[in-house]
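Structure provided below as structure tokens; questions to follow.
So that you can tell them apart, the chains are marked A, B, C and D in the order they are listed, and the count of residues begins at 1 in each.
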Amino acid sequence: MIFLILGLPFAGGGLDLILPTNRLRNWILFLIALAHLGCVVSFWLIPPPAVINGFLALDSFSIIILSVISILFFAVSLYAAGYVQNEKGRSNRIFTACLLFLLFSMTLVTMSQHLGLFWIAMEATTLMCAPLIYFHHRPQALEATWKYLVIGSVGIALALLGTFFLAISALEIKSLLLSDLISQAASLSVPWLKLAIVFLTVGYGTKMGLVPMHSWKPDAYGEAPGPVGALLAGAVTNCAFLAFLRMSQICHAADQAEFLKPILLAIGIASMALASFFMLGQIDFNRLLAYSSIEHMGILILGLGLGGLGIYGSLFHAVNNAFSKGLIFLVSGNLYQQYRTKRIGNIQGVLKSFPFTGGLLVVALLAVTGIPPFGTFFSEFMILNAALATAHYSLAFFYLLFLSIVFVAMSSVVLKMARGLPENREVELNPNQKESWITTVSPLFLAGIALLLGLCVPSFLNQALQKSSAFLGG
Amino acid sequence: MNTVWIDMALAVVVILAIGLLGTSRLGSIVRLFALQSFILAFLPFLLEGGIGIHKVVIATGTLIVKVIAIPAILFWAVRHVSIRRDTPAIFGGSASLLVGGFLIGLSFFLSSRLVLSGKPFSDLLIPSAFSTLFIGFLVIISRVKAITQVVGYLIMENGIFLFALLLFETTPLLVELGIFLDIFVGVFVMGIIINHIQNEFDHMDISQLTSLKE
Amino acid sequence: MRLFLLSLEILAFSAVLVLFLDRFRKLCHFVFVASLVAACSLNFFVSFPFLRGGETSIFRIPWSVPFGEFTIGLDPLSAFFLMTIGCVALASGIYGCGYLQEHHEKKNLGVHYFFYLLLITLLLVVVTARNAVLFLTAWELMTIIGYFLVTFYDEKKSVREAGYLYLIVTHCGTFCLLVMFALMGQAASSMDFDQMALAHYAPGLTGLLFILGLVGFGAKAGFFPIHIWLPHAHPAAPSHVSALFSGFVIKTGIYGLLRLIFIIKDLPAWSGPVVLAIGGVSGVFGVLYALGQHEIKKLLAYHSIENIGIIALGIGIGLLGNASGHESIALIGYAGGLLHVLNHAVFKSLLFLSAGSVIRSTGTGEIDAMGGLLKFLPFTGHLFLIGSLSICGLPLFNGFISEWLVYRALFDGVIHLDKFGIIMAVMAAVSLALIGGLAAICFAKAFSVIFLGQNRSHRQDIYKENPCMMWGPMMFLAAICVWIGLFPKTIVSFAFASAHFLIAAKPVAAQTEFLLQPILSTTKVLYIFLLVLGLLVLCRALLARRYPERRVGTWACGYPSLTTRIQYTASSFAEPVLRLFKWMVCFQVQRSEKSRINLPEELELSSKVVDMPEHFVFRPILAMLRRFSGMLLKLQSGHIPQYLFYMLLGLIALLLWKFPWRA
Amino acid sequence: MIPFISVLSRLAACLLFSPFLLGVIGKTKAFFAGRKGPPLLQPYYDILKLIQKGSVYSVTTTWIFRAAPLIFFATTLIASFLIPFGGLKAPVQFWGDALLFTYLFGLGRFFIILAAMDTGSSFEGMGASREAIFSCLSEIVLFLNFAALAVLSKSFSLSQMIGESWWASWTVSGPSLILVGASYFMILLVENSRIPIDDPATHLELTMIHEVMVLDHSGPDLAFILHGAAIKLFVQGSFFVTLLIPFQSHNRIIDATVFLAAMIGLAVIIGIVESVMARLRLNRIPSFITGAFVLALFGLIIAIMRVL
């Protein structure tokens, strides 16, 4: 069953490389995404057995992250068909192939129980994203891709080093399988384990875009097209977050949690601080979303670092954030195609000229900044509760301060764009561009899920979250 | 007897890394990297425990990937470039050598101060791994041309590979091969990107790539 | 309880229905009005038994959100606010229908009605929520939907900015509420208000909770330092929306504060004086800033702040009485505050609606461009007169009754409290007197400059009166004002019932009778006054018949032509007052410089009042924040080596901080 | 039966006796100026003359202009019902009638200001805006006086505050009562716009306050306003007098005569003050009222210290 879910995207990617016409490729992309979703649903019903003596298995963390990735990919695949259609005369061969290979590598990441294999899959996602970012063939996109690649690979190299240090610390256990590591955690040599944690934090922190290693994110998300941005911000960051979850699992087992928590808190609050201040002066919409993604990664890590209730909160926030980020990136993709510019100053009166995109833009703002009907509000509230329960009062104060600065920055930008009269100054509104139904259905689908998560958390998700937070002593 | 050979090999690896810091011609940079990888390929055989299939596969893998395939790609990219010279951006040639020396001293100090239990088979291994890693990092930071940055990244990989030697028995074959494959594909993609940069900007000077800023 | 849920369903269902009915205009209006009438009458009907009987009822269904549970409860406190929503929402909704007729072509009214009905539903939920998460959700949604209602005319830039300012201030205020409810939840280990009421809070914690509650609810209610969004939001919003806003939405802040007082029984001793101080400062500064305004809706907005100050005075003296054990003072104080909530809701929405019709007829909100409108707009003029008489708290109208109750609590305090209590009560009483006096000046100015004298604007066209759809609801509100003013028995007993509930005391019939007796005798005196007035009018009519009357132009000391420019304008009327309070209000007078060079042909003189907290506190902070972020942005300089250097720095920092160095 | 007679007698006293006070003030000012001055009953002649005359209304005015004098007269009349004077108990007395007393005057003044602005001439506007600010400030001092009296008499009803037998309390809180009395006298001058604040007999409209507000009224309206102003002076004067007369002999006739004598004495004092002092500049009046405020505050502090 696991081979099926892995094989499908790989085969689809290969097939897409060969197929001649765009339409066929889109169909393949869509069908594979649907099949993938089907497999994931079946995994929820009957949990699959481990494969290749435990290298690939589904524990509670990976089932959550996998289903999030699958739903997001399904929405993006639906959207990508419409998006590429609007880019006249561009063959989407590389685009769809890389998307499917990306899906394959992300699925591999969620499945792998062996940390070495985990690293390989993460490296694969990095490489698959590079051509996707370069979709628009503009000089800036090229520069963004290069920066993404260089910083990404340096980060991943450090992560590899961290994995090796972990292996050295687990010399007696003689295996990097997660289950063995956790069961015989007592025999890990502590100094090597600490060194491994430091390097793994810096390595996978680069993939997540946490503060000291965040510089590639604004450029990469700024230049990536809408659907790719959605996948990057929604799915790839969740895979990197999975790495942090595995790491805290091992630390929890080797009762080194007190060592890891201060690091996570420091990095989390630093990410939120820098992101919120950077957002105030933004003039480019996608870069603004990049900083918002950095801020939400900071919240995730903060929640993980707080422990107790915070872990359930940060897992729930990972799920909410994926959908709200996906939604707002798809909407930014729409905006780019309708206004052909990313500068906030040139876009105004979206609600009047494109009612659906305008409405979705406002809904996306509410979802991202955590306004009640949407799930992000409840997860942020839980993390606040955790902070107050563990008496981190100053932390809670700064947490709320940065959330309010982010709200000030985001709402001023989005509301300036959405409201008012449409004045298309030098930006000629390409008249034939009316809102095609495909590019509005998929963001609507994501908005629906984000709202559903806010209104009533489905019971199966609740149990999965409870089980996985119990692993980390939540 | 073996430890003498191992120490000699490690020393040569570090010397080649320093040599790389000094040169500025792209062609010689790639050749130095190939030589370093060649030595690394034979290092597993010097370890004790005879010639197992594991070692043979690792050695041939390194040979194919790091000595033949990657230099071929880099030479293909270099051919496109009109200017063959690469000048370090931040500080002059000799200054980067001095910093390299300092970094090696730092790595020796680091490994001595680190509280690391477990006796590696040669006390020279960890310092040389750290120094190769730091030199690779320095090359990426200081050099201007894209190809040199790729080579810097590969030097870092070599440093990490030295660490891999420590846990030779534990990591299964599949994982090792996966790591080689990833590095190869990574460099392959970088090569393509360099080609595109070359066509787009008709220069490969990273310091000019700064249009994306606040 | 079932009826209340029925009203919620009606509102929600018709809100969704109206969203799609925009094209068929008639049906859209009909559904909107019908649902409003049904829901508001149901609310009235539901709230009476709770106010009279004083019992409570809870409705609970599980809601699978973390901590969340959908619990709605009705008790005298919530019932009192339900009654207030009933009349305000009904009147301003129907008025809104008439007011927005001309906008139908340009703007999509269906969406506006949808937001309006949804806001009413949320107000009902906020007032009856018994679970912190449900309360916060309804509270935030109310802010967001309020934003969309305020920015109805979003083609104007000032409207967009006003809406944005409103959104930020109230949203950041809500963050304090988040922390407060989180702390309370932890202390009571459950998010349910009833459990919270039973829990015991450490003394230090109650102080912190009270401050957070004050800031959070104060941002919504418009207490003095954090009121800056009110004067911008009201002129920007269409007048029926600003009527609903100042009528009820800012009262949710007061409701929240009262609910906090109900939950935390033993508040710190300093809480009473603090609320009194806030009330006094809000009242005095609110009315002083109102005096300096020249735009009618901005003037009314500042008056909302003033009346919120009066309500805070009532609650403050109630707290003081409660803390020092005088149950009667607490009872009267809370009853006065609550009654002023209802009174202010009624007469302020009446004033906003009449201001809306004045703006609709004359086309501008500037007071100095109006004059003599009573002849052209009789209905609007007289209703504005009734509204201004009741807001100044003059007898015969409802403002007097609630101010009388607050005065009574204050002077009871002067008599019974200890030394410090007397000083606080006297200062509060003096500030209430000052507020009443200045409000009388402000509304004498407003009414006379708009409706009396001659028209000051140069275009002398005739203004036509508004349709009956607009002055009908205003008549309904004016009738309530007069009814409460002259026959206050029922409403005051309702206020006492919810005040009893607030201090958790069983209402004793004799005690309420004893408290009601002075008010009834006041109204007896007022009946005699009306009788005497009637007699005088009769004998004046007799005299008028015997002696001839002549109508001639106003005496202008013999000058031939009496131009309209010699009349006293709003700024000249308020100038002596503002010069007296110059340092409190930074009152500035600007002379136009253009006539300096040649002979001064047209000198222009205008006076302006600067809103101190906004221009000296909030705007500088925002500017400093933006400058700091501008400096910080330079970090992202675009050079790859620099980015890698950050990474290396991060790595080394972590190593130095967290690594097991050999000692 | 008896209460009905007492109500009738106090109404008669209030209506008939009050213009006489204005006559006395006029006479004392004339005596100090060395001239013969108008006869004592001059105010009565004025009122009767005005009632018989026809009235002139400006074109721009509305019904408010006609209703204002009536409302002013009615409010002052009703206010007189609340005050116990001359040994007669107030017909209506309850907790908080002092509030109604002040706010009734407020209502009357509000309508007079509206009527002034209704004519649309700048003089009335000037008078209205000045009257508004000064009366608002004096209201504050009034409330402070009430607070002091409330602390002393432990109740907030006019009858208890000043009606009860005061002999005992004078010994206990003499000084604070003197201070309250002084501050109340200054407020009396402000409220009834006597010399230090406003000169009723001047011709320069620019300097007047109260007179210029009622400039445009004529005929019976002016009569009502004049009579109302007289009653207002009588009512506020009676509050001041009952406050200061310490003893209460339960014989009705003696009380009445003593009260009337005291009222005439008060009128003479006002006349003396008016002839001795000149009118204050307009921006000096707020400091005059602040002086009254400080006196009242001082009285309150002494009252608090004495009682607690």
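Heads up, the rule we're going with is that contacts are C-beta pairs under 8 Å (C-beta built on N, C-alpha and C of every residue); 3 or more make two chains touch, one makes a residue touch a chain.
Model, not experiment: these values are computed from the prediction.
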Maximum distance between Cα centroids and subunit C occurs for chain B
Ranked by contact pairs, first place goes to C-D
Cα centroid separation, subunit C vs subunit D, in Å, comes to 36
Distance in whole angstrom between the CA centres of subunit A and subunit D is 79
Distance in whole angstrom between the CA centres of subunit B and subunit D is 102
Chain-centre distance (mean CA atoms) for subunit B and subunit C, in whole Å, is 70
Going by residue number, subunit A touches two or more other chains at 146-147, 150, 154, 191, 195, 218, 278, 281
For subunit D, residue numbers touching 2 or more other chains are none
Contacts with two or more other chains occur in subunit C at residues 633, 636, 640, 644, 659-660
Every touching pair of chains is listed here as A-B, A-C, B-C, C-D
Listed in rising order, subunit C residues that touch subunit D in their complex are 371-372, 374-375, 389, 392-396, 400, 404, 407-408, 411-412, 414-415, 418-419, 422, 426, 429-430, 433-434, 436-438, 440-441, 444-445, 447-449, 451-454, 517-518, 521-522, 524-525, 528-529, 532-533, 536-537, 540, 543-544, 547-557, 562, 564, 566-568, 572-577, 580
Listed in rising order, subunit D residues that touch subunit C in their complex are 51-60, 62, 64, 66-67, 70-71, 73-75, 77-78, 81-82, 92, 94-97, 99-100, 103-104, 106-107, 110, 113-114, 117-126, 128-130, 132-133, 135-137, 139-140, 142-144, 146-147, 150-151, 154-156, 205, 215-216, 219-220, 224, 282, 286, 300, 304, 308
Given the complex, residues on subunit B that touch subunit C span 89-90, 113-115, 137, 140-142, 149, 206-207, 209-214
Interface with subunit B, subunit A side, in the complex: residues 114, 116-117, 119-120, 123-124, 126-127, 130-131, 134, 139-140, 142-147, 149-150, 153-154, 157, 160-161, 164-165, 167-168, 170-171, 174-176, 189, 191-192, 195, 218-219, 222-223, 278, 281
Note: in the complex, subunit C contacts subunit B through residues 633-641, 644-645, 648, 659-662
